[in-house]
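There are two complexes below, and they share chain A, which is joined by chain B in the first and by chain C in the second.
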Partner chain A sequence: MARLELDSVTKRFGEGDGSVLAVDDVNVDIADGEFLVLVGPSGCGKSTTLRMVAGLESITDGEIRLDDQRINDQAPAERDIAMVFQSYALYPHMTVRENMRFGLEESTDLPADERNARVEETAGMLDITELLDRKPGALSGGQRQRVALGRAIVREPKAFLMDEPLSNLDAKLRSQMRTELQQLQEDLDTTTVYVTHDQTEAMTMGDRIAILDAGELQQVATPLEAYHRPANRFVGSFIGEPSMNFVDCGVDDGALLGEFEVPVDGPDESRIGLTADDEDDRQLETVEFRYPLGADVRDAVAGSAEAALGIRPEDVLIEPVTADDESDAAAAGASPLGDAAADHVFGGIVTVVEPMGDENVVHVTLDDGPELVATVNGLRRIDSGTRVRVGLPADAIHVFDGDTGEAVHSRSLDDAELDERRV
Partner chain B sequence: MFDRIRRSLAHRRRTDDGASDGPDERGEDGQSDGLRADGGTVTESDSVPLATRLRRSQFLESLPFWGPPGLLVLLFVYGAIGWNFVISLTGWEGLGQPDYTELSAEAYTTLLTDASFIAAFRNTIVLLLVFTVLSLIVGLVLAILVDRKIRFENTFRTIYLLPMSLSFVVTAIFWSWMYNPRIGLINESIRGVVGVLDGVVFWTTVEAGFLTQAWLDDPRFKLAAIIFALMWQFSGYCMVVYLAGLRAIPTSQYEAARIDGASAVRLYRRVIIPQLRASTMSAAVVLMVFALKAFDFLFVLFGVNPGSSADILAVMMYRVAFDRLQWAYGSAVAMVLFAMALSVIGPYLYLQYRRGEL
Partner chain C sequence: MSDDSSVLAGLDRSRIALYAVLLGMVAFYLAPLESGLMTAFKTTDGFRATTPFAPPPAGEFTFDAWQVAFERLSTGLTNSAMMAIPATILSAFFGSIAAYGLTNLSWRGQIGVLALFVAGVFIPYQAVLVPLTQFWSFVDLGARIPFAFVDDYQGLINLSITHTAYGIPICTVLFRAYYATIDEEMIEAARLDGASAMTIYRRIILPLSVPIFAVTLIYQFTQVWNDLLFAIVLVSDPSNRVVTVALNQLQGSFVQQYNLQMAGAFIAALPTLIVYVLFGEQFAKGVAGNT
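After this line comes the complex of A and B, so read on.
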């Protein structure tokens, strides 16, 4: 039980000109009993951050405090933390029981019977009692994972550190362990820092998630907040699957205006199978993508010359164009486009459809240039090559500054619960 | 070929119907079972003609590959061992031909009462054990030091391994210079150190002569000096074997143990060294077998007569057979050596076989 604070933590590998800045000025305050997920693409410094907390890497600058006590210079053993490794790091020559007991033997003065009792109790909790006398080599991946977890839990540390603990499991087992781990953490109520590159794990498991990119902290927020109100373009694109759509535009008189080069004969399936040379030979023309903004967004983007329009795939509305209303593509009519205003509806053509079962991932190329990804109900039948009308509702759009990538406008949400801490 | 696979699959399906105990977990095992059953074609043997069965037999198919070398080994290794054993029973001596009509175990009973054999046997055992244990310990320490991501790691590795690449004749002569009582480096160094100490702390009670010894001539130090020289030559090999073992242990094991609170010494004692058992085993077997046949090193230093304090069975065998021409007696000594080598390698091979690594 402890509060863990990372205060301007910086890690620099090497010295002088050749040094690499792995973690740059990271500040996170993790409350007692909180489950914080550190997420980011590989090489973003999340594992390094965790290893600094564990004491396996030195801290170049800044301070890490556990219960208001500076632990920068303490050896890993003195920090009273337990770590679960991606490879589990079980000692292959010891039985499961000895593996779990090892930490107690090395770091505590508990009498032998107390140690054994704690091992038994933890094993019971994780349902691995019958494995206690086996060696790690005789266990399946999922069982090893449990033992690695047990080895951390049995020490009853102040904080758990988990370094991608589920990434070596197959997909089904992973989702099962995800739930179980979450439940376990809730029961134990131990402060936990969990590192993953998998945004699904981040979204589902954490009380809060901290998104890192290139060693810099991008946002610390509840999962829903990070999803609906990404602080910048990186968070928007990293959280969510499929990724958020971005259209790079200029700001022009209350609207977002993008210029795109498209082939004269239109974006269509005839392009499939053409070589790069053929592509070069095609005649290009410049078209404009214009997205009028509402009054509130207009004010928000007033300061930027360039901006990126962001919209989640599930917010992109799609309606097939039938032969008789082909002439009037911009007319907002039938239900699928919902309340998207007429000037927020664009003509386009479906290039690829990926059926996922519960939903179809539809790739659309707009006549005005941008290529978008939309998800629609899995039961709706849409074929590639179909002409569609695409609605981009004004209340679902995000706008990011073109230079800094900072969010200047996030989608509007009705429920204000987002701001409250999720328990 | 495809036909065979199809048949083996059909066969496997039949066996699986009968008893399927966890086919998911034992996917590979199940498959190899199926293939093996194909080799025998037991179920179909009644209806298939003999010629076809022979053609399909894996034993016959593989014969051209292992047959000729197997035959050569059988003749020149096991045949020679057998012949040697027969010679040891004949009582053959001097120039002339052995007489195979009268066989007796007399040579072996003589061995038991021969003082020089008992001394050689004892020395061999001492050499075997002390040399092996010391080399392993030194090799392990070197490996752990070199494995600590030090600078010039490759250079150190080469330096430590270099003695291993030298001929024993070269190293034997080299060490005979080192051990030279008058001008050898060892005694010179001792004299130098004692001289400096005398000058600094007026430590006159210790004479240099007390520490400088005739290492290779004094029966008290002879065997120890040999063991030390051999250890110098072989610990590099142990280091390489251990280094390979250490490299196979993932870094996360060290880190996990550190987080678990183990100190450096306990980390190595409880986590790392126990995992080097396989390396220890294979290095120990190589060292022990070498210790049994450490003939050239002693022969270069002492010729056929190292004296009872340094005599080992390999040298005695050569002396008896080729110097004194007691062929049968020499063969008997050779058989004892052979038995000792078997007793070293046998358990190792059996253990490897049991662990499924053969």
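After this line comes the complex of A and C, so read on.
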């Protein structure tokens, strides 16, 4: 049980000009019993951060505190922290029982029978009692994973550190272990820092997630907050699958205005499946994508010259254009487009449809240039090549500053309860 | 059906060719051994009258050569064992510890130290003969350590220590290659579990090193046992003579007693063979990199 604080933690590998800044001024305060997920693309410094907490990597600058005690200079063994490694790191010449007992033998003065009792108890909790006398070589990947967990749990440390513990499992086992790990962490109520590159794991497991990119902390928030109110463009694109759509625009008189080069004969069926090389031969013309902004957003972008419009795929509304309403496009307020105002509705064509079962991922190219990804209900039938009207509702858009990438406006959440802590 | 039989026939032909080649190679490699063995069982007249690989002719078969060779080599065998066994074990053990320190622990300047070890592998024996003799006459263990044992076996102790020191670099390099394949995360896990560097060596690295110990022990024992150069230069006391020197002295000055020399060569080589048999299985694992 412990509160873990990272205070301006910085890690620099090497010295002088050739040094590499791996972790840059990271501040996170992890409450007692909290499950924090550190997530980011490979090389973002998340593992380095975890290894600094474990004591396997020295800290260049800043301070790490465990229960208000500075642990920077303590050896890994003194920190009372257990870690689960991606490779499981089991001792191959020892049985499961010996593997789990090793830490107790080396770090505690418990008498032998008590050590054995603790091992038995933990094994029972993880349902690996029958594996206790086998060696790691005789176990499946999933079983090894459990033993690695057991080895951490049996020590009853102040905090667990997990470095991509599920990434060597197959997809089905992974989602099963995800649930189980969450349950386990809740039961043990031990502070946990979990590193992953998988945004699904981050979203589903963490009480809070900390998103890192290029060694810098981008945002620390609950999963839903990070999803709906990304602090910047990176978080918006990293969290969520499929990724958020972005349209780079200039700011022009209360609207976002983007210029795109499209073939003169417009996006049509003949274009589908062509590669960039084929398109070189086509004559291009410049078209404008214009997205009028509401009064509040207009104020938010007033200071920016450039901005990016962001919208989640599930917020992109799609309605096929049928022959009889082609002439009647103004009636766009009708059902599937919801309450998207007429000037937030654009013509486009479906280029690719990826059926996922529960939903279809639809790639559309707007006549005005941008290419967007939308998700629609799996039971709706949409074919590639269909002409569609695409609605981008004003209350669902995010706007990011063009230079800094910082969010200047997030989607409205009138209908959500995000500030309540998850149970 | 006919297809099957023709395939089988083709297979048979290639098999036969394969076995013929293999048998030829076996004969080629075993011929010197066979000749030596046959000669060892012949009397002096016997090996003069027949070709080396022919079996002893009637009446010329004898164990005499073996008996004489064993009598003349027995002191040398004991001396060699007393010298080679500690030298082998110590150089393997020190090599293992050095490799652990240079591979699995990280500290400033270790690359420089490693370079010294690697350089040590390439120092030719001949280049150090003079300084080595001077060194041992300066150290003069017998005079400094007042035990009769040290005085009696001074030559063997000097030789044993020299071989240990000379074996450490190559043993370190062998162990290092093996330790580099050990999962780093496992050692980190042990550190987090509270184990010190020495405990990690004793409880994790050492138990995992059995195959590479077999490789080094076999290699190093053969090297030390077969060495003649250091043995001639460092050991002057005849009672401390090792088996390679004794074997060399089986060579008569006027008459070549081939039967005696052959029997002596087999007796002198036997211990290295025994070591191979003892550690063979682990040796194969070590060579195959089976962890």
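Basically, the second predicted complex is superposed on the first by the 406 of 423 C-alpha atoms of A that agree within 3 Å, B and C clash if a C-alpha of one lies under 4 Å from a C-alpha of the other, contacts with A are read in each partner's own complex, and residues count from 1 in each chain.
Quick note on the criterion: a contact is a pair of C-beta atoms (placed from the backbone, for glycine too) under 8 Å apart; a residue touches a chain by one contact, two chains touch by 3 or more.
If you're wondering where the values come from, they're calculated on a predicted model, not measured in any experiment.
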{"item": "Fit-or-clash call for chain B and chain C when the two complexes are aligned on chain A", "value": "clash"}
{"item": "First (chain B), second (chain C), both or neither touched by A:188", "value": "neither"}
{"item": "First (chain B), second (chain C), both or neither touched by A:321", "value": "neither"}
{"item": "Which superposed partner A:173 touches (first chain B, second chain C, both, neither)", "value": "neither"}
{"item": "Which superposed partner A:103 touches (first chain B, second chain C, both, neither)", "value": "both"}
{"item": "Which of chain B and chain C A:361 touches, first, second, both or neither", "value": "neither"}
{"item": "Overlapping contact positions on chain A, where the chain C interface meets the chain B interface", "value": "54-56, 75-77, 81-83, 85-87, 89, 91-93, 102-103, 106-107, 151, 155"}
{"item": "Chain C contact footprint on chain A (complex, rising order)", "value": "54-56, 75-77, 81-83, 85-87, 89-93, 102-103, 106-108, 151, 155"}
{"item": "Footprint of chain A on chain B - complex, ascending", "value": "250, 252-253, 255-263, 266, 270-271, 274-275, 277"}
{"item": "Sites on chain C touched by chain A in the complex", "value": "183, 185-186, 188-196, 199, 203-204, 207-208, 291"}
{"item": "Of chain A, residues touching chain B in the complex", "value": "54-56, 75-77, 81-83, 85-87, 89, 91-93, 102-103, 106-107, 151, 155"}
